[in-house]
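Across the two complexes that follow, chain A remains constant while its partner is chain B and subsequently chain C.
The block that comes next holds the complex of A and B.
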């Protein structure tokens, strides 16, 4: 994975941008509003280093690099981009923040920037400009990007976790789609179990899928980890109702879900062992690109997880969230680069290159051609429109990040599903664990 | 020793071992061969799994119902081709080799001097120095990596292979020192006393008497150091951010795990190829390694 961009790579990457921008569907018209860009005179002789999570698909990296290189060429500076594994970005960010050395910009995940709020630059000017120009920030971007009144990071996109299911199997079970209510969803899973083509949802310590399922379960019954003021509220009648529901639902799952990691449902679904699960678009595209598994992809459909008792889809997308460190000697250049990457000419080709994996944080990009190329992926278009985040529904603090990282909600669900604890005992234990983190504030 | 004298020895070596009265074939099977087979199975199964996965097409990898998970029906070289030609794997391998060899050399040099001083010079407080070195080994890398990162940054070594070459000895030196202290202890002190009487200096004794006798111990410490350096993850993850400077254990995860899509075939091929240098290294020196553990020099 080369990172200092050479001339040859620039030409190749520029080709990638052009291909992404013009290939397939035509570039849609992204509506903009008049807005005044912040004055960010780029420091003389600036060199920027950026670290971000590894690509989902190759064009993601190609277009990203090409965009950075265009900025570098336009401003006569050097920009270097490095990619690291998703699981490793947190450690790299911690080292960078604590040593005051390393990349100027890190694109982390979710509420990560809130852990280092004192060590990163205020991005309010940039975020205000982009928000005005592109129709405003979506709710999830507001939740993860802001700390109080100021913006500390710029969300770049989020990956949602809808239900992914086999069309033929649901028909065989007597359903046309995934019901939107709890009772209907349970009936569907019971029917799938009866025809020996069961559902399966991760109950192991899976960063993406485990948290997504546990959050969906609790939120869809009206429960939450914290209340609006940030006090721990997990031990509630709503949570107990959700866990009672899980006890019934779990009986319909394919065996082994208690030990499932993020990749387990991908394998089980691709192998035909599981016919309904919850995942990002990666599963669909990995099957679509594999000739041996293409028939499953063609038989696959994706729809939001049931809303349950709510009016919105209870899902908090995995969010790319960029921050500029105070140790950067070129903060203007760093902020200008982030602004540049969010402008239509750069952002829309990148969004399209990701074929739905990342969903836009700015409202105007909902008109992107990304969402009309393949009707199946349109479900991801509004991932960042959901008013849920990790640690919902209190303000995002270090405790929200820590409780999520410690799988408090996931392990509460697993304890009930496995029969190790009653719903009441599991909720009480989750409350005890969560309070340890939120007491530290 | 003449050929005639050697011949009967050879015959004795190839003859079946004599059974004692309490010994029997069935007892041997139960007490020796079955546990040995279990042991081998547990040890070798991960390598077998790596090998099988590295040559399996994706369709076989995912579908256990149709395909036997323990066997390959249509072997493919796609994963290895992808690893070698679509990624920078050869470069990562080179970086890992460089870091491991340099860190091992530095650690062995320091440890030999430290162990010899502690064991033979017996200066005041030497035993406490030995204890302190041992205690340093007990501090886990997950605690040390942040303060070490600060030092690495201040020295201007961040994101270079030198960051690893100079930090790996923090856990290699204590380990090797303790291993060598034990080995030096097994070398008779009388040999050194003879050399002292003949007028040899301490450095001459170390170079011409102790070190040649301690070669199995040095090789053993070298093997451990090389293996630990080769497989090290947390420092390599924390101190290196450029893709081109990464070591194999970190780089294959970055390159071959894209989100929640794991390229299992290429990952296993990378692990398999990455473990070969260590295996080759072991195979060359296994005799020395065994003799160091059993104590080669007898009084």
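The block that comes next holds the complex of A and C.
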């Protein structure tokens, strides 16, 4: 996913921040329930250091920093926030956890906190309070935030991967929207191929887009990497059915998808080489902010990927997930800061500053003005309502993270699409690899 | 000051102080002078290498320290088709790329050794691929090989040579050859400039003598140039094999080991499993598995190519 920040975008969004800061009315609509905040006496003279992935858009960073500063001033403590590249956050978290030194709070991705469950503070009290006050946590937040029945981290938002397509092209092919079933989806892709405006989905080693597509494919047929108990269940009739379907679907793709990285589909779509793909919201905004591509953005529509045989959208959004390390000398201050950031006065302006890049983990924020500004991005409002996560459907363990990072699902799909393996053989190979990652130690 | 107390003259030289005697001690001096170097080597070479080897025998992951598992990692790797494929491709990649680099590099060196106009400028230009940071040239090749936006595909479609884009990195074998080509492109300057340096040390009188004997150009190359180049060829080849075998940046930037793991080198697979995959133990095991190959390649170049017979003729023992 591209992290394109243009000057225009920055200026426009900075205006939005100013508007959000002055117009208190925009915040009034977030409904709250009475709840008692946990008693967290802030340590005297506390200094907190927080590490966070870099922004999508400049206002994300500005509002986040401003919120932290307000907390620091109100409590007479110091808060320092550092932003690091997305690729580095896992390694820096690992170093922090293993050395017991470094930031007090790290906002990682997805199941990251589960790797370090023994090294981070329990956040059940804070999460329970926030859940009560803001209408409950959404399913994806429950999946990534909890370990068993306790909370180990606070999800801050997720970025989903819907289907993104050209309205005019679909109309030309005789479709009004992307069908919600497999047969219809295949017919659509075949029709797109016929009019030489094909679809394309990443099948290369692309952490975001590759996994999103492979997960969608397998999940939408009822397959899963693991079962509820956490045993590897990828080698199933459902998976084989999904892979058989992929063999036909792949024929309709634009050439080269086996070599696609995370950025490739963005480029192909923006260049008009590909007319239907799966991506985060960044693609839409990067085109909207480029005068040369604005017409494509205006012709673009985003809808959830087909549900297939399920009742929910088979997509696991990329989730910001905050953890407090046990080595922190000021755990109360750290927990209070995270709580503070999730409260309406801080969270809603931040959500709005992100113009849809991140979607809320707490139900009440679905009423945020973020989701009414541009109807096209309203598809992201319910990203965290999808009950799917990397490594679905077993409990999250090290293996869930490793299997995703090592492209087990993606390469299973790619092996079939390229004709290197039969669906049965590919599923068996994925099972072999997954068993290694999910082995009991 | 009275002159009555004349300094007492003693016959024996003053016994040197304990510190001076210590510094006169040869053993002590050796230890003191070597300590910084040994310390640096231990800290920055031996310790990481030792740690890597130790990790290879544990099941350490990024989240937690591991326990000793013996050769379990290696047992798993022996049955892992992805690892075996990476071993095959590492050897293939090194062999073909080295062959290509030396063939073309030697040819280029011979050309540059002729008297050409603007010789220095040409030599400087030749070095460019070597000077540019690998990641930059890798990104350039990534664009050149891009399935959608390749300049070569574009030109060939414009000229009507192909109907659709050329498949550079979308299937296994084209991807393997594309990476080898990029590696050769990048490696030629190093070989060419090193061999050029070697060529210039060959005394012109040898060629004059050969000319007087009526030797053909091929004979001059075969019996003068080639044997005289052998020592430097052996060293350059050793380096080249090591650099090629441990190549990482080109593959990681262009294909990330794809499509479907067909272009993983052992180095990229070790990184993929160890850092993004979090399996530090397994990644270390893959890296350790590279050591025998590298030792073999080094010994082969060293003892094979550097033999006196090869350098100075069959009869010279």
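Assume the second predicted complex is superposed on the first by the 411 of 441 C-alpha atoms of A that agree within 3 Å, B and C clash if a C-alpha of one lies under 4 Å from a C-alpha of the other, contacts with A are read in each partner's own complex, and residues count from 1 in each chain.
In this section, a residue touches a chain if its C-beta (ideal position, glycine included) is under 8 Å from a C-beta of that chain, and two chains touch if they have at least 3 such contacts.
Bear in mind that the values here come from a model prediction, so they are computed numbers and not experimental data.
Trainee: What is the contact status of A:45 with respect to chain B (first) and chain C (second): first, second, both, or neither?
Mentor: After superposition on chain A, A:45 lies in contact with neither partner.
Trainee: Please indicate which partner A:237 is in contact with in the superposed arrangement: first for chain B, second for chain C, both, or neither.
Mentor: neither
Trainee: A:76 in the overlay: touching chain B, chain C, both, or neither? Say first, second, both or neither.
Mentor: A:76 contacts neither chain B nor chain C.
Trainee: Go through the superposed model and pick first if A:418 touches only chain B, second if only chain C, both, or neither.
Mentor: second
Trainee: Let me test your reading of the model: by the given contact rule, A:86 touches which partner, first (chain B), second (chain C), both or neither?
Mentor: After superposition on chain A, A:86 lies in contact with chain B alone.
Trainee: If you stack the two complexes on chain A, which partner ends up touching A:208: first (chain B), second (chain C), both, or neither?
Mentor: A:208 contacts chain B only, not chain C.
Trainee: Of the two partner chains, chain B (first) and chain C (second), which one does A:174 touch, if any: first, second, both, or neither?
Mentor: Neither chain B nor chain C is touched by A:174.
Trainee: Shared contact residues on chain A, chain B side and chain C side combined as an intersection?
Mentor: 91, 94, 98, 267, 271, 273
Trainee: Which positions of chain C touch chain A when the two form their complex?
Mentor: Answer in residue numbers: 59, 61-65, 76, 81-82, 145-149, 164-165, 167-172, 175, 255-261, 272-273, 275-279.
Trainee: So in the complex, the part of chain B that touches chain A is made up of which residues?
Mentor: Per the stated touch rule, the residues are 57-59, 62-65, 87-88, 145-146, 149-150, 152-153, 158-159, 234, 237-239, 241-244, 250, 253-255, 257-262.
Trainee: Can you list the chain A residues touching chain C in their complex?
Mentor: So the residues of chain A in touch with chain C come to 90-91, 94, 97-98, 115-116, 118, 203-205, 207, 254-261, 264, 267-268, 271, 273-274, 398, 401-402, 405-406, 411, 414-415, 418, 420, 429, 433, 436-437, 441.
Trainee: Would you pull the chain A residues touching chain B in the complex into a rising list?
Mentor: The touching residues are 1-3, 49, 51, 54-57, 82-88, 91-92, 94-95, 98-103, 159, 208-209, 262-263, 266-267, 270-273, 279-280, 282-283, 286, 290, 292-293, 357.
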